[in-house]
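Below is the structure I would like to discuss, written out as structure tokens.
We just call them A, B, C, D, E and F in the order they show up, numbering each chain from 1.
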């Protein structure tokens, strides 16, 4: 094997995504051992020589029936530590879904700034770079980490998916709350560039009058248009469902949602199953484990982010521009 | 002098604010020497024994005719370093206006995350705590600094000022863009608590249709109401002026602006001098050096944040709760 | 409340042990909020002012049905981080059972040195001191942590328990393998001092001839004696069961086991339920959650280590000697 | 472009020197954006991919009409930070004139050791190497920085310039105070080696008798010789002027000054314009912005240090010896 | 010279071992200057360009008549510092015998954990990797160092030496106390693999009855066998002598000792000179300076570990597997 | 014992100086154990509880017959480490004579900057403050250490000693080379203040003409005066002897030397024994172990610096001003 070639690992819980990345990258997953003990501890080690090599470890930090979020985080940290001890060269954590990205500020007194603690833990085990996709609060993420970070965007995947669907007719891109306005605007621009015609924008927000929520505002014109709701994450589903409802009420002809991370709490089955969204498009950073509602299932489309990560890894390895990747 | 008493310094450029804090605190400013050399370098040192003491240094990081933002930042850093070398106990930087708080994320490829670099510089000279007021992006600030930070809010000052003014009639609190919604909501709640009646909310935002800005949205009802526009910072003044205009058009009876930091670029004279805002209320973290328009001057009111900082310093020194201060 | 008094927290999963410590210490548990989210993340924060205070947080790192070992570790780390951010003074993690203490060396190529990674994680969130009890490998523990550590020993609890039981007749202390020889020797000396007569020593070890395990060696004389088997941890139970069997075969009259941490894997029910041990004495650092075998239950005695931790915390807080505590 | 080729930036304020280095090096200056905002803040970013590359950033830290010393320092620090964030490989700050090198010790109680703070700031943003020329106090500089430093010397430039001028007749090298003796001695040896005949040495120093300055001592013989005064920095000009005067009085036939950094305060116009120095030779690390006296101008010669820096950068990039460069 | 070739230094006190490594490696020792001053200080520097190169420095940390252990340690640390300052690339300390490896835990109150302090000192001067052989407590060593470590084993040397000697007849491998059981077991397995027949195991341990040492236990069968005693270090020699004596008494036909580091205190002459060991085999990490007893001398065999270190250095330089080296 | 009282240790090699400090301070030396092993390693530990206490450890870093400079340095470092591990509060190293202070710059290519490495070692074991006396290069020292440093001056001791001796007649203070000019000037000022009349100044320096040393310059008037030669350190003695000779030749009536650290190499016996110095005054930071020449002995006076250190420790402990101490 060539010393200059990168080494790719995927922890067991992210084997599926890791294999998809491996396939796109043309680099096989390297072998590791991941062993659980009856007392709840585990031990993980690489089974190949990693000395001085450029290493990438894939682990997506969502909880599932076998491993909690914290389990996956600790396993990733300890495996990175073991790689460092085994004299790995550059050590990059590839984290399709980065947990605790929404615990990024104190909203009540003495709350944790968990994003920063997570950053500190990665640095403590010797991580040199963290690659992830569409974090909830980009500024918090970019300030929290002092090791290098690469932030990918699902934007190009969504543009590629939706451009054929909205080839004809008027289109508007909707931010379902004010937090997603920047993300939606990016998508609107990219989509417009591909469609080579203008795309409208709108956003929704709850508003209050005299101290109580008095309505869902929808700013912008959606009547007679196909609308695409953009968000980074879908959990209970109410944000998307409400925005979709508001669009329908104001005359939208079709309603799509394009959301990077499909966290999907149990409640989402009812909320989204009965909603008026025509299509909910997510990436495969999180498998749709808790979705059982048939209506929801039939409207759910999963795009693979594996190619995006594969390209990013390739460019990180060769010193290529990630900027170009995001813009392409 | 009692070894347990705190020591308060203010650098020359912030002497005015420092004296106000000193007065409220009942602790005299301690002497320092700040000497400029012809080659553009400077030397600053404390003139009192600081060994093992609890030290607070006031410096507000705005640029003016004598010192640029960067000058003030470097002077503060080097003075903190000199205090550390002189065996200071705990070292707290008291920064009424923290520069570079808006340079907190990459909006274009390869941009700096300056907030984080600033945090790193403070830590490099041994700063243990940074106290500031209403930073632009709270999450970015809380993630950037790894030394302790205390974030004060001008909210109570504004509530105290506006409660008598809106004692009668309907009131609404306006966020002039979506970035200030959380801040405005805090103010709305506090004001409502003091008035013991509900206060309305609204927010403005530019929106786009087919790729161009097509209007200023104002979500929420302001007709027949006194409105208070809330923001963290006023520079060119257009954000506030536009929001005020939108309120007027929708029937607001009076329009006030409550903005923590009055940066006031030269352009603000024209923009705000001709605007329809009845009163622009700022704090004294930045003196209104560039305001010369008479109309603007007559409508400008400056509240002193010195008492707020004095209380925070007292509580930091004695281990009292800052949370209580923010809530009182 | 007095600023000089310590503050004691116990995370929810260790509330029982925390309350026992609190009771012995005469210091109430301070309030905290620990909230789980549907996506598997959590948020924890202190509900009292911790500014500049001497803080102790109790969390025992064993896995149970509700929280895995890794969950408990991450929760402790993030809560320590939140306390640091809330300007805690000195921050001490009180960990009755410290996980991953047996993952302390590479026994195969490229294995993790997990003990060291755990140390690094505690330091990353600002922990200043770690207090624990009878770790598996003392040298590994003392080298891994660069923050302060205090290592308590259950020895005095066992001496107090066994001295009355072996008041009459010959006694021998048994190390069930060579790894526990130092620990057993400490106990033998202490017990002898209390009984004011000599106590015998013996140890067991598997040995090999021509490449295969050919027997269980028992070095030392146990015939006609009450024997006490000493170990730091009991998991599957075979080590203790085999040592007990060897003692019986060599004429021991009574066989006791004194083991600090009762990890008790499911298999222990069968192994120890059918063993010839008269009494298995453990501490309460881990509740005996997986023990259902009636025979085992009837022979199991749990001594509380809470008083030991309470005394250690008191001495840490006042600057008293921990050495004296271990020797008393 | 070849990934192995170095990347050279020059901040706007040092564009001239940067271009000279670029020219000597045969490597074009890479593009960056440096943008000033009305509030006195700025934003700087590279416009090319720097991932994993060997980066050199030129910024000379003297103050001028547009940017103060502190402005230039902060701009350099933040640009280095942005490069690090953009995944630069090795990051070298190339600083022809390093500010605050004379603030290197406490001469009064509680004074700053600014050189060390500057070092700390460079390290805080991720600088791996600092290259500079003839710092005032070499020992202070070498102890202050913990990142790598390369210290160049203008010596070879001065030797090359003066050797033809003093080809005939007796020559002496003068240190204008005792602080420059080592530097002057280096030059004397090099010049002697080129001239292949001995060169005399002398030094000047103010001395005191009974508590007052009672005269300027000139130790060594200068009668009938061409003398070259050597120093690292010329500011007000009195040190050089006095030494020149003393040489003239003791019979020197020609008097030259060779000073690396021409800081030139305003006062230097009068002091040096009326002095008896035949030629004042400086390098181009600082442009002679404040020199307006015609007499001084006519005697001032500027040698370019760009070639020296270009050679150093080339050797740093390829792992060549800097020692050889200094000795050549 | 090729920039990619490694550079090997040996400090003067380890010149012999360094030359042996150099010879095996085919890389000449690079020149350095090591100069002692009358006041007891020293100065050491490389005499070749080390910029960006992969550097290995050999120094074995035993005390002898000219330099104490601490002298050698400080010389190594300062030379590593000088190399770092001279812009060395990767910096590896090659330490055949690592001092203070037995001071690795607190056996009495407030004792030092010296192994950890030594690790901290190496890291403080910029060491990136430490390579050593058979440390006393592997877990302590692996936890103490946070820079990379490579742990070599003399095992293959001993197997190669003893396999021909025990080609015929029964063989047993003896651990002279319980601390060496793991090491002995490794050797037993390797020897068995080469001999392609089973090798027996046994171990010795002092045991106590009623508080006094009452005998030397020897667990396992040695009658009629050639026995090989395995240990990491021989100092006074009593451990080996007693184990040999016990083996003889139980019918061993031949008794060998295989010990990595021959520290050999003066007392060892008497103890081992009169012992019944047929052959004492050590490596050359420490020269047998204090051995003068003729009987001991005649039975002492020194194997060179230089080839082992040479292979390790070669693999470290090229990214080869050290694991394979240990297993081969 | 009061928790607030400081704890003073002196390592065995500095027991004499430590006892003198203890006596002046009124604080007994606390007990420690310092044990040497036959293999050249040692183990040191405090024998008292140091938890949270303010600790001072005295060790002077000169070499003598029993311990080399490096031995003493390592012992101090490891003892500081043990104190930190034993939960010491603030940890101050009191080093009357700091070794390697003259190895503070590169005078040849690739030389070590040993002062900085020493600083790094102290920081690595957790030292928070270093107190020493008259280091060779103050700027180097102040830049090297990033932990706190306190620099004492023997100046007041020398003034107190010499004032009565030069009560009558003219006096001049001589710097024996240009490196000591600042130190001599300080002394001249202080002595003048006590004598309440002006004191002259002069300095010596070798100078060169045409490449060879051609003489010893003595700048300033000494005829008919008592002269006091000031230096930080006396080793071979030639610097002082030459300066004394030059003074005599120029008519000085009496010649004294006041030198802080009496390193005294063997050669000093001959050089100074035959010199014309009337009195050589040193402090007791180094015992005059190598002085055997009767003439030298009779002229040597040792002043105790113990009181100075005692006062510094008292002020460090109570937060008093060290500045005042230096100026008193």
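Everything that follows uses one rule, which is that contacts are C-beta pairs under 8 Å (C-beta built on N, C-alpha and C of every residue); 3 or more make two chains touch, one makes a residue touch a chain.
All of these numbers come straight from a predicted model, not from anything done at the bench.
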Weigh B-C against A-B on C-beta contact pairs and write down the one with more. A-B
Same-interface partner of A-C, chosen from the options C-E, B-F or B-D, over half of the pairs matching: B-D
Chain centre separation in whole Å, for subunit E relative to subunit D (CA means): 51
If you average the CA atoms of subunit E and of subunit F, how many Å lie between those two points? 41
Rounded Å distance between subunit C and subunit D, as computed from the means of their C-alpha atoms: 63
Could you pull out the residues of subunit F that touch at least 2 other chains? 85, 106, 109-110, 113, 116, 120, 323
What pattern do the touching chains form: line, ring, star, complete or other? other
Using the touch definition up top, name the residues of subunit E that touch subunit F in the complex. 38-41, 43-47, 50, 62-63, 68-71, 73-75, 77-79, 81-82, 85-86, 99-100, 102-103, 106, 108-114, 116-117, 120-121, 123-125, 235-236, 263, 265-267
Interfacial residue positions of subunit B with respect to subunit C in the complex: 129, 148, 150, 315-316, 318-324
Hey, which residues of subunit E end up touching subunit C in the complex? 104-106, 109-110, 113, 115-116, 119-120, 137-144, 146, 172, 178, 181, 185, 188, 192, 198-203, 205, 207-212, 217, 219-221, 323, 326
Listed in rising order, the residues of subunit A that touch subunit E in the complex are 3, 49, 51-53, 84-85, 87
